[in-house]
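Look at the two complexes coming up: chain A is in both, with chain B in one and chain C in the other.
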Partner chain A sequence: MPIIAIDAMGGDHAPGEIVKGVARASLETDIDCLLVGDERRIQEVLETVPYNPEHISIVDCRDAIGMDEDPHEAVKNRRDASLLVATRAVAEGRANAMVSAGNTGACVLACARDFRLLKGIRRAALASVYPRHTEYTGQDPLALVLDVGATIRCEAEELVQFALMGSAYARRISKVPSPRVALLNMGVEASKGGETLVAAHRRLRRMPALNFVGNVEGNDLARGGADVIVCEGLLGNVVLKLVEGIAEVFTDVASAAARRRLTWRIGLALLARGIERLRELTDYTQYGGAPILGFENLFIKCHGRSNARAVANAVKVAAKAVRDRVPAEIAEAVASLR
Partner chain B sequence: MPIIAIDAMGGDHAPGEIVKGVARASLETDIDCLLVGDERRIQEVLETVPYNPEHISIVDCRDAIGMDEDPHEAVKNRRDASLLVATRAVAEGRANAMVSAGNTGACVLACARDFRLLKGIRRAALASVYPRHTEYTGQDPLALVLDVGATIRCEAEELVQFALMGSAYARRISKVPSPRVALLNMGVEASKGGETLVAAHRRLRRMPALNFVGNVEGNDLARGGADVIVCEGLLGNVVLKLVEGIAEVFTDVASAAARRRLTWRIGLALLARGIERLRELTDYTQYGGAPILGFENLFIKCHGRSNARAVANAVKVAAKAVRDRVPAEIAEAVASLR
Partner chain C sequence: MSRLRVPSAPRPLVCRWDLDKTYLQSEFDSLRQLLRTAFERAEDKVDVPGVAELIKAIKKAAVRHGRTALVYFISASPPQIGKAIREKLVLDGIPYDGIVFKDQLAHLKRGKLRNLREHVGFKLVELLRGRVDAPAGARELLFGDDWESDSLIYSLYADVLAGRLDVDRLVPILRRIGVDARLIDQVVALVATAGRQDAVERIFINLERRTPTGTFRLFGARVVPTFNYFQTAVVLAADGHLDVEDVAAVARTLLDRSGYTGRRLENSLGDLVRRTVVSLAAAERIGAALRVAGVLPTDTPARSRWRRMVDAFRRYRGRRRARRAAAPAPRRAALDYDAILDRLRPTGREPSVEGRPT
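Let's look at the complex of A and B:
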């Protein structure tokens, strides 16, 4: 059984929801969890919930990186923070993969500092999930987009590697046998988007192992049609945050409308549960988190707002990715490029 | 009174809605309109609506560029198409500004071919509007974003010029005395987004004539807080199309929810009018269109789906921009940079 290291102190609701999530995973699975953080506070939470002590061990450390701290400073100077103690545990083989709901920038930098890039991989990518229109019953309502912030600008070669990494991950985790991979661009034509995107498109089209469906534009993002969306970090970051902000604005605009028309107001009140459900989706509670890909060790980054359910699911996702050898599969796909 | 050239044949509902829009403007204003297109078809439409013949003249031409045609090919080879006949009329001084709801790429290329860049301007920008949460009653519910597709990648100097152009336009057209200008980025800190965005941020912050409010992230886009958003074309294009696609997806996700819960279904039915209103906003019918900025002559690009009301408003916006000397104001702002 894989051993998963969990940063108990990272996240808006840490350590409470993180520890409760691990407690839940300890009852529902045989995964061994290494909880890294303030032992006294971890124990306090564990006393309030049922859990299986056989599957949980604690690594005590007193420092923790805050959600709003400067990631560079923190990763450089705070070697005893829970996040960094946990990544070292993974790097040294005491655990097989890692889960954190903490400071995103610090998570990416901690990987870069303690993990090794897979052979042939030029740069790591931070993936995320976003809700999309489902095309058939039972389809995963979330698609994967990468990179969303580990990089800023990317070269064609790097985008191609992101495509391979995303495809390998989606195949194993979302259980899509042949994930449709698309390149985010300003037009569907192969000639669009400038030198880098044109070169990336040309290379992706020639790869038989990849189900490349071509370029997608902003409006296609929401409609579905692809399981993995590839883009450079600046673009992915803006898009992801825009999607997160949209539900909020929709509620606002609709509320303004509601103030003017009674029928709209009634409609809104009734729709509130539906909006809540949409928000849950973007909160990853079902999905458990999204991976940082490209390193020898897998890192599942949970949303900062993650609750116990999200954390439990992230632990399961991390364990599944270890069992299914996702990093090795990525390395093989990249090696076959040569 | 300014003379506005209108491409009668461009747009999903051309020439019908275009000509009806001009007819409406001829009754509501003293603006002189030059309708460029198939004279017989234009006359047919004019016979069905009231209009003031003193303010409308027709320039006959039989060719028209389709919405899905390759813009490069079309602008290169179809010199007698209504769009190009109209831009030449403006370039030669027979009209002062231009309105089209046609093929966006062709509109940008037609400007580049027939209009001169303002002195000091390095590249033109295609602006667009997007709906945002309004912060106070009476605030323009639409904000300006540029560039959304005239460029792909931009240098810092070009982003700074976009900021000046957008600010000048918003000041005159949206009647915001000191428009808040923001740089679209992956973080609010001045150090974010890589070399180009960091340099652009530094320069924008130092410009006393500009109300620069700093970086905005994807989620801020929807929330308001800025009247003009500056970004390179690839990013702006994806963001704009994503916003356009979002209302659609929201409806889809909500519909799926509605199938499962009766209360949601009732809510949705009642909310339908509200969603329709949101869609109207993104359809620019109120706003009339968005400018292509940086040339000596102003070009108002209407959405392809524009109806008569949108076209009439675009004609008014174009005339106002001419009267308020928007291009000259941009040239002065850029000159003051030296």
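Let's look at the complex of A and C:
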């Protein structure tokens, strides 16, 4: 059974929700969890919830990197922070993969510091999931987008590698036999987007092992035309934040409207079940987190606001990725390029 | 002139076990399961992993050290299923010294339907009866689970026996719980004859329902919730009731028959230390012996010199902190049962300390 290291102190609701998530995973699965963080605080939380100690061990460390800290400074100077102790545990073979809801920049830098890149991989990619329209029953309502911030600017070769990594991950984790891969661009034509995107498009089109469906524009993202969207880190991050921002504004507007007029309140009440269903379909907590791909070890990055359910699912995703040998599959896919 | 000290004979040890959910993995969440349990044959009954080995280990350790260990079962099941249960105990090779069942039919005849589900009075009476018949000066270990109100019943018994809870205070508590008046009278009579001795050393609660361990803080250090019988064995070894070879025997049963791994057992040991049930020094001593016995994993990956130094310092700090976590200090006062009932009892219902009573 894989051992998953969890940064207990990372995240807006750490350690409470992180520890509760691990406690939940310990009851629902046989996954061994290595909680890294302040042992006393972790134990305090554990004693308030049902858990199975047979699957939980704790590495005590008092330091933690805050969500608003400068990632470079923190990773450089805070050697005994929970995040770094956990990545070292994975690098030293005491755990097989890692989960954190902490400072995203620090997570990426910690991986870069302690993990080795897979052979042939030039840059790591931070992936994320976003809700999209489903076309058939059982289709994953969340698609994968990468990179969302690990690499700001990319070359064509790197985008091709991202496509291979994303495809391998979706094949294993989302159980899509042949994931549709698309390049995020400003037009569907192959000639659009400048030199890098054109070169990447050309190379991806020539790869029979990859189900490349061409370019997609921003308005196609939510339509579900692709299972994996590939883009530069800068663009991916903007897209991700835009999606989150729209969702928040939508919620705020709906709440304000409901407060203002009775008829709108009634309308929202009538739609409540539908809205709830929509929320369930697009609930990121069911996915747990998204991976940082390209390293020999797997790192699942959870949303900073992750609750216990999200953390438990992230632990399951990490264990599944280890069992299904996702890094090895990515390495094989990249090796086939050479 | 110095006089030779003649070692006094070790005090006998009495272990009282609940049956359902503590010894047997009985399922009675639904009426169908309840009926199935009632008509189950001995060979179909399943014991909780490691429990049979633990009971045998307690007996063996007692023989090894020349002391007496007696094992009794108290079950709230009706005597009608006693035959199957006795057969099951024989099948498992459990050396037991007595078993008591709850006469549910008598309650039905009396029209006391409430008493069918109320076990506090029944168990307290049987515990006290057992005490009257127990060898003089016997120490007691009590084993229950988190389905019924075992932690409450056993704690009441321990405090009554130790004289920390007198009858004047006990009776209102039992009334508040809703114990039948006839049973209260029996309890009062038995308290007078049971004698006074701080006999109950530990109360083990098998966390079958995974009740949060914090719930049991109310009952003090005497009550030890455990997640598996390896943990129970470790605590018994730390208290001197078992030897490490006995703990290893329980661990091996779990490894060979119940799909446990060395890592799961090691994590269980770590949990006991974190909950300050066992001191770090005792856990390290037992853990080292279990590693030699091949029960716990030994293949810790290599760590840096710096990390080893940090870990050594933490162990030292932990040992200092955990010195106070050894065997529970003798209690001078009874638990605050009013506070326990206030917190755990839904108004107008029997207290369900760890969950709904069965």
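Everything that follows uses one rule, which is that the second predicted complex is superposed on the first by the 307 of 338 C-alpha atoms of A that agree within 3 Å, B and C clash if a C-alpha of one lies under 4 Å from a C-alpha of the other, contacts with A are read in each partner's own complex, and residues count from 1 in each chain.
One rule holds for everything that comes next: a residue touches a chain if its C-beta (ideal position, glycine included) is under 8 Å from a C-beta of that chain, and two chains touch if they have at least 3 such contacts.
A quick note: this is a predicted structure, and the numbers were derived from the prediction, not measured.
Undergrad: In the superposed arrangement, does A:60 touch chain B (first), chain C (second), both or neither?
TA: Only chain C is touched by A:60; chain B is not.
Undergrad: Hey, is it chain B or chain C that touches more of chain A?
TA: More residues of chain A are touched by B.
Undergrad: Could you look at A:93 and tell me whether it touches chain B, chain C, both or neither (first, second, both, neither)?
TA: second
Undergrad: Contacts for A:244 in the overlay, against chain B (first) and chain C (second): which applies, first, second, both or neither?
TA: The first partner, chain B, only.
Undergrad: Contacts for A:76 in the overlay, against chain B (first) and chain C (second): which applies, first, second, both or neither?
TA: After superposing on A, A:76 lies clear of both chain B and chain C.
Undergrad: Kindly classify A:220 by the partners it touches after superposition: chain B alone (first), chain C alone (second), both, or neither?
TA: first
Undergrad: Which partner does A:48 reach: the first (chain B), the second (chain C), both, or neither?
TA: second
Undergrad: Let me check the overlay on chain A: which residues of chain A are in contact with chain B and also with chain C?
TA: none
Undergrad: Hey, which residues of chain C end up touching chain A in the complex?
TA: By the definition above, chain C touches chain A via 209-214, 217, 227-228, 260-261, 263-268, 270-271, 274-275, 301-303, 310, 314.
Undergrad: Of all residues in chain A, which touch chain C in the complex?
TA: Listed in rising order, the residues are 1, 3, 27, 32, 39, 43, 46-58, 60, 80, 92-94.
Undergrad: Quick check: in the complex, which residue numbers of chain B touch chain A?
TA: 131-134, 149, 152-153, 184-186, 193-194, 197, 217-223, 233-235, 237-250, 252-254, 256-258, 261, 263-264, 266-275, 277-278
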